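Before I ask anything, let me first share the structure, which is written out below as structure tokens.
Labels for the chains are A, B, C and D, by order of writing; each one numbers its residues from 1.
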Amino acid sequence: MTDSIDLNCDLGEGFGRYTMGDDAAMLEIVTSVNVACGFHAGDPDIMAERAAQTLEKGIVLGAHPSFDDLRGFGRRRIRGIPASELRNLIIYQVGALQGLARSVGQKVSHVRAHGALGNMTDEDREMADMLAGAVADLGSDVALMTMAGCAADRAAEALGLKVARQAFADRAYTDDGTLVPRTESGAVLDDAEAAVERVIRLADEGVIESVNGKHLRLDARIVCVHGDTPAAVKMAEHIRTALENRGIAVKPYTQHEGWN
Amino acid sequence: MTDSIDLNCDLGEGFGRYTMGDDAAMLEIVTSVNVACGFHAGDPDIMAERAAQTLEKGIVLGAHPSFDDLRGFGRRRIRGIPASELRNLIIYQVGALQGLARSVGQKVSHVRAHGALGNMTDEDREMADMLAGAVADLGSDVALMTMAGCAADRAAEALGLKVARQAFADRAYTDDGTLVPRTESGAVLDDAEAAVERVIRLADEGVIESVNGKHLRLDARIVCVHGDTPAAVKMAEHIRTALENRGIAVKPYTQHEGWN
Amino acid sequence: MTDSIDLNCDLGEGFGRYTMGDDAAMLEIVTSVNVACGFHAGDPDIMAERAAQTLEKGIVLGAHPSFDDLRGFGRRRIRGIPASELRNLIIYQVGALQGLARSVGQKVSHVRAHGALGNMTDEDREMADMLAGAVADLGSDVALMTMAGCAADRAAEALGLKVARQAFADRAYTDDGTLVPRTESGAVLDDAEAAVERVIRLADEGVIESVNGKHLRLDARIVCVHGDTPAAVKMAEHIRTALENRGIAVKPYTQHEGWN
Amino acid sequence: MTDSIDLNCDLGEGFGRYTMGDDAAMLEIVTSVNVACGFHAGDPDIMAERAAQTLEKGIVLGAHPSFDDLRGFGRRRIRGIPASELRNLIIYQVGALQGLARSVGQKVSHVRAHGALGNMTDEDREMADMLAGAVADLGSDVALMTMAGCAADRAAEALGLKVARQAFADRAYTDDGTLVPRTESGAVLDDAEAAVERVIRLADEGVIESVNGKHLRLDARIVCVHGDTPAAVKMAEHIRTALENRGIAVKPYTQHEGWN
């Protein structure tokens, strides 16, 4: 089905003296990244460094904005924020990363909402419209990265945005194409071989299987991997190697055929 | 000496439900503003709104970055932050405002460091070089706003930056051209008439008198006024009226003759 | 029905250089207060000062903990925090105020949850049990202040806590005894006379009327008033005067007959 | 000179999903700890858990307050905060830990200032008097833990506080008994054997050698060790074993002869 896959991961999720995951290892594996913008993780120094590193390595840089929730790592659903304020929250964070990226000659190519903000904009059309509107206001050179087939995908299409569609290598899917919540057992796949198989099948057939065995047809050539544990890094390496062995090019989505 | 003066003030220094000063009144008086970027004050909503308002009123928008010190309103000197980290701190904040400004069709024309960061970069050449370097990295369309004659002024000149030089209508000067610290009595002028006289003299002769009566020659056509109290707003109005009555145009520094 | 009423209000909701409401005026009117603990508002200096002022004036001091949400003034419902973590969040804040209170010879007599945390613990029994458990863990000398008849009231009773039951002078009630949400029109009573009448009737008959005219029977001798606007302060004064004119003593709930 | 040593370390310096050091390992080695209180590190959950763990293991619990500086891990010197505000900042943090400790049946036995606040109160008598005053206001059951011989030690004595005097196993000393700053090379001893020797000598002779070979006479039976790296944990284990092999009891300072 496709001859090229983008391996994507969240990056820059340390804070001050705190580290999270193995960014150095992931920068050798992935072809696009979503960098935390200081609200759930990340800080100006990490952001500036990741911008410079991605430029040097030819990795596509994206922003990973979230609720203002350092304590909860952006995984808490915060209710009652008007859409106009969420828009400003997102643009603030993306703008901060754009500033640091420009200052080292790099640019921000996409926005991927993090954690609870990501889940809510994936699931709920009103939230999705808010997110798509924010990205639209950032200008035509910024794409919206979403889960393939989710509400944000549709909202982005409705506004004529560039959409970078993502599937998850190591997260279980429900029958309607959303992720099984982290609070449920089996939400995260630990088996590297199973994850590799899933990615190969996605590349070959455009299909991911849900927890109930349903075939989900996904238009996704971006595969999200994780790097927060040594096992996760290993899994990402396996996936990259398996794809290359099969003759599938691992390269940034911006270089995929048909990306505009 | 000059036929045009820019009236400038800090703006957008509320936070969440908290307000600070009378922004609405000041937007009717001044011709350029420095908007807080969320670290000592300000938040994404206030920033977005001020960006839209300044665009509508033809007011020049600047960023007002500071130390990360909401509790201390950015007035505490924080030691031990490497220059590279201060640079990133500044670009993060300016980038955030740039993002919000662009999203409403406005742009950020200058950077004015706030509070303790402003004082330290005004006084100390190493800090000044850091600030000027950060502004240089923001690109050639962003000017550095500084106190005329201070270390940051010299640092900006050394890097070939556009420099927007400012004098204070209501702050006392020492003999060497720095501000009398707020902790000392007489640091802030309460007398509106004295402030008006000072501004007129600056416009006519390019001179401000220090606390000891020394004539400080200042190349400043931007006059900083305040709006945090009703008396401060009144003083700003007086100054504007007095300038106009004397035939001195009150307009943004970007429209002054010789500004490039 | 009762010959004594406690007038209670939230206090100390400024932050750093920001002010909120007229604390000085309210300290002349009320007999018990709920002081913000730094998470939605308040800071160590304000807390220490309010502790000292309440001691001096014979006002009963309570803690007003909330979600960690300075930006949203604690009015945003934050989901996904485990009960054990909410308990710790509450005890942290109450402990901080207890420390400052003890340091000036004052003590914390009750806990009243703020904003969204207050609403959620008023409405939801699981949240209410969490709150009551936290207060129980603070020791037997700390009461739980709640809306009379709400889930937190029942949870506190179930644990054998001292319960300080509150009614609102200026907020509309639904038929089932909860507050009409602030987002709905008519949620806040602006008419001082109506508020006075309501309080008098509550004192005389133990009844408050809902928005639909239903008679809600409330066991509440604590009346919550507000001080965030000049009109609110005026209303509080009116209520105090009206109660005293009617021979109803306005004094701390800890001095009411039957309080143990 | 002494037959008992307290091994002390900083603990609970994670935050949210972030971890710092190996707390579980250190809880098997040390006899007293200083737990972060949420301002430079730590959060209510970590604080509550450490309070319960220390109670279970018979470890003495202390509070480790700092400047409000999560981003800089409390290592930045923040100037311009009045002494009265620093006092409130400290009592707020200690109070929060006291609340959580009491809620699990544990108590806070001492206060040890962290990072820049620790350095400034160790060095500067005015700052030391502020700290000692804050601890005095916490009540007579709370000791002040300080570097032996520093300004805070003298300030605590002047106020008649209980003083828990500490020496550092792995930090180099200047000739006047202060620590060599972390920014200088050689500030931290990496050699476990050298650290062990230093501690043995301190126990035997009451002497630590400065970087220039000067014999510093220190009245310290509390030895501070670190657990932020695997090597540091190993060093702490070595020190404990070496002391026990020499017949020196490793036990909380509160059980040392002469402690009152």
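Convention: a contact is a pair of C-beta atoms (placed from the backbone, for glycine too) under 8 Å apart; a residue touches a chain by one contact, two chains touch by 3 or more.
The shown structure was predicted, so the numbers you read here are calculated from the model rather than taken from an experiment.
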(request) Look at both sides of the chain B and chain C contact and report whether the same residue positions are involved, with over half shared, or different ones. (result) same
(request) With chain centres taken as the means of their Cα atoms, state the distance from chain B to chain D in Å. (result) 44
(message) Based only on mean CA positions, could you tell me how far chain C sits from chain D in angstrom?
(response) 39
(request) Please list all residues of chain D that touch 2 or more other chains. (result) 71-72
(request) Draw the chains as points, connect those that touch, then say whether the picture is a line, ring, star, complete or other. (result) complete
(message) Considering only the defined contacts, which chain D positions touch chain A in the complex?
(response) 14-20, 43, 70-73
(request) Spell out the residues on chain A that touch chain B in their complex, using ranges where they run on. (result) 38, 44-45, 47-48, 84-85, 88-89, 91-100, 102-104, 134, 137-139
(request) Going by the contact rule at the top, pick out the chain B residues touching chain D in the complex. (result) 68-69, 71-72, 75-81, 116
